[in-house]
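These notes open a run of structures that come right after.
Next come two complexes, and both contain chain A; in the first it sits with chain B, in the second with chain C.
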Partner chain A sequence: MKQLRIAIILLLIGGLLTTTAFFMAFFTAEVQQFGTVTVASELDTAFQLVSVGDNGFSYGRPWFSQKIFYFHVPVAEASFLVLLLSAVFAVRFLMTRKRSFDTKSRIAMETSLVFVILTMITGVLWTRASWGVWWEWEPRLTTYFIMMLMMIAYFVLRNSIEDEERRAVYGAAFAVLAAINAPISFMITRVLESNHPVVFQSGMASSNLLPFIVAQVGMLMVGYAVYALRMSEERLGERIDAAKEALEG
Partner chain B sequence: MADEILRRTPPAERTKVPGLSLRQYKAILRKDIVMELRTKEMVTSMGLYSLLTMVVYQIALSQSGSAFDPRTIAGGLLWLAFIFTSMLGLNRSLVHEKDQGCLEALLLSPVDRPVIYFAKASGNLIFLLIVETLTIPVFALMFLQQGGYGGSWWMIPLVLFAGSVGIAGVGTLLATMSVNTSGKDFVLTVLMVPLMYPLLLAAVSATSAAVLGGDGSISQFWSGIAGVAGYDAIMVLAAYALYEFVIGA
Partner chain C sequence: MEATNAELYRLALTDAPYVIAAYGILWISFVAYVTMTLRRVMRLEKAVVVLEESLERREA
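Moving on, here comes the complex of A and B:
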């Protein structure tokens, strides 16, 4: 019960932090600029106009679609971390054969899949706004998509096995194989030429960094809370099953 | 059950003879080859399947017109045929073992698990290579008559071998899992295609470079081969480490 209470508190704090980050992204974070726009005459606009001699005025074109960064990246990083957590539990299961590790690995995989799907949705929205296409077969997107397919395959595999012990072992083995892709997907934009932005190579203004960190901390809390809530649900389910069996005798 | 008996046997009692693993490896591999020579089932079914794939390709390309050069997609078509053919073969090879109780007997015998893995994988690799060797001339005859072959003669065998090592290595592990599930072939497909993605991408790139030739094809070929080799190293190692757990479950 104590764990459940911690999970609920973390969920609330995490939700608060991500919401704060959402507002910060729009109100305090500096608007990133993407090229400049030149206009013939002075306009009434919130952007800072710069006179360019005879050619009129220019202003930095605001890059509003960049705002999704404060949500998309924290969710994506949480998805990688939770997937690696799942693989760690899988390895520990294979070493100790304790059922609790298998349950933990499965629940972590579930949580990670939720985050992966959220990343996909925000990512697709962003590529449409920024690149003009819904999808591109580009190294990061592709490896991430493959990672999602493997995580779905993990559940297909589990659901098609009757024997509990075998289901756990096969699931753990495949979780390890799937998790090999997580660092590859994370590093690939830094190794291969890719359209996907690598933000932390170029550095960031502090007004942009702050909402990002708030969102990242919040998202990790939400991630842990979702995981812990599902775990306690799972434990309750197990107790109910045990009670039912005892009653039926 | 079998695992239990083996676990109870202290390691010291298992006879330690130098070169024993190699002899065991040869024995298991020989069994697979002898069985294949008697039934001719794997190579026939895989070869026929691959031939039928070529027929389907013909249908797919039938409306492409005379200006279209199939050489540009030859690498993709070839590896598509090989990946699906290999899944058929891998499934067969393990279903036999299971249905006839051979796997149980193998587990009962005092053979190290990695030896079983490498022997089964080598068997699958050999059959896959035979089918590939049969497919290539047919494919060349059907689709590559105009334009000819751009690279050196050894390029295609090299990429075929490197790619097949990965397919057989990972596929043997996945097929060992999937034969014990309720949806055998389906589960193998769902597990295998995402996991094979990096290998296929690199292999197709190398094969295309070999078929088309021209400027920069050598460097494209070698970077493809490097990708395939890296994948082989990582994944075969992972499969080797996980096989012991999987086959015991």
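Moving on, here comes the complex of A and C:
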């Protein structure tokens, strides 16, 4: 199957790129800073000290947990894009009523949910390390959490409807509703005051930008590969059902 | 050890479990999910071959 071969190739390239990004994040990317610490006198230290007049010297507090960023953001952005893909297929289903678009929309939603859950886990760990709490009801986290709940509700809704046609129509409408959350969640930190870091707003050194881009490209490839892999599985399932029906008939 | 360097190590060691957990969970989840899907795909491919062969035999 062509789609399966493409999925495996993308999975291998994506895996290679994300592994490369992982090593770059830890060995070539410079450590970011999170606030400053002031000391009374000059010290022989690995930190770069800056004189602050009569107050002594200050240094940027290293932010080691920021290393989570190199995978947390690419996984989150992949989740947004795959969710939007699900909505595109949902709209196409509503326009054409072709069952294949409903299947594509459902598989994209499932793939996106995997990425959303992984974004939540890495995000919660980063929140705990940086802010000292496991969760904070700030705009980005709250909107992303609502988006995740709506995606879970999509599958609950589908499983609660027996009629295939109604299930597909309600599912498609709900997929579009869930996808509306993606741009809201993405833009909210740029509109409302938020503790959540905003990528690119404060600039990024090239040593930090490169692993991020490599991880982003790799993660998008992995995202599409996972989707294509699940679609192959779905198509094989359909072929088995058709063959069984023909044998029984 | 200088106080600030001691803090450097302390900061790195405090954050390390969260960073390791984040990358570990991410990779293990991806590998597990992809492996399970690939195994299902391979099993289905075998089933498709068997079913379509028996269908061809019956039609022939």
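For the reader, a short list of remarks on this structure follows.
Basically, the second predicted complex is superposed on the first by the 223 of 249 C-alpha atoms of A that agree within 3 Å, B and C clash if a C-alpha of one lies under 4 Å from a C-alpha of the other, contacts with A are read in each partner's own complex, and residues count from 1 in each chain.
Please note the rule applied: contacts are C-beta pairs under 8 Å (C-beta built on N, C-alpha and C of every residue); 3 or more make two chains touch, one makes a residue touch a chain.
Since we're looking at a predicted model, the values are computed, not measured.
Contacts of A:E162 after superposition: chain B is touched, whereas chain C is not reached.
Of the two partner chains, chain B is the only one that A:A153 touches; chain C does not reach it.
When the shared chain is aligned, chain B comes close enough to touch A:I180, but chain C does not.
Judged by the number of chain A residues each one touches, C leads among chain B and chain C.
Of the two partner chains, neither chain B nor chain C is touched by A:V191. Look at A:K244: by the touch rule set out above, it reaches chain C but stays clear of chain B.
When both complexes are overlaid on chain A, the residue A:Y170 reaches chain B alone and has no touch with chain C. Look at A:F64: by the touch rule set out above, it reaches chain C but stays clear of chain B.
Once chain A of one complex is fitted onto chain A of the other, the partner contacts of A:H72 are limited to chain C, with no touch recorded for chain B. On the side of chain C, the complex with chain A involves touching residues 2-5, 7-8, 11-12, 14-16, 18-19, 21-23, 25-26, 29-30, 33-34, 37-38, 40-41, 44-45, 47-48, 51-52, 54-55, 58. Remark: chain B residues 170, 173, 177-178, 180-183, 186-187, 190-191, 193-195, 197-198, 234-235, 238-239, 242, 245-246, 248-249 touch chain A in the complex.
Those residues of chain A that touch chain C in the shared complex are 4, 11, 22, 37, 39, 43-47, 59, 61-62, 64-65, 67-68, 71-72, 75, 114, 118, 121-122, 125-126, 128-129, 222, 225-226, 229-230, 232-233, 236-237, 239-240, 243-244, 246-247. Chain contact summary for the complex, chain A toward chain B: residues 94, 142-143, 146, 149-150, 152-153, 156-157, 160-163, 165-166, 168-170, 172-174, 176-178, 180, 184.
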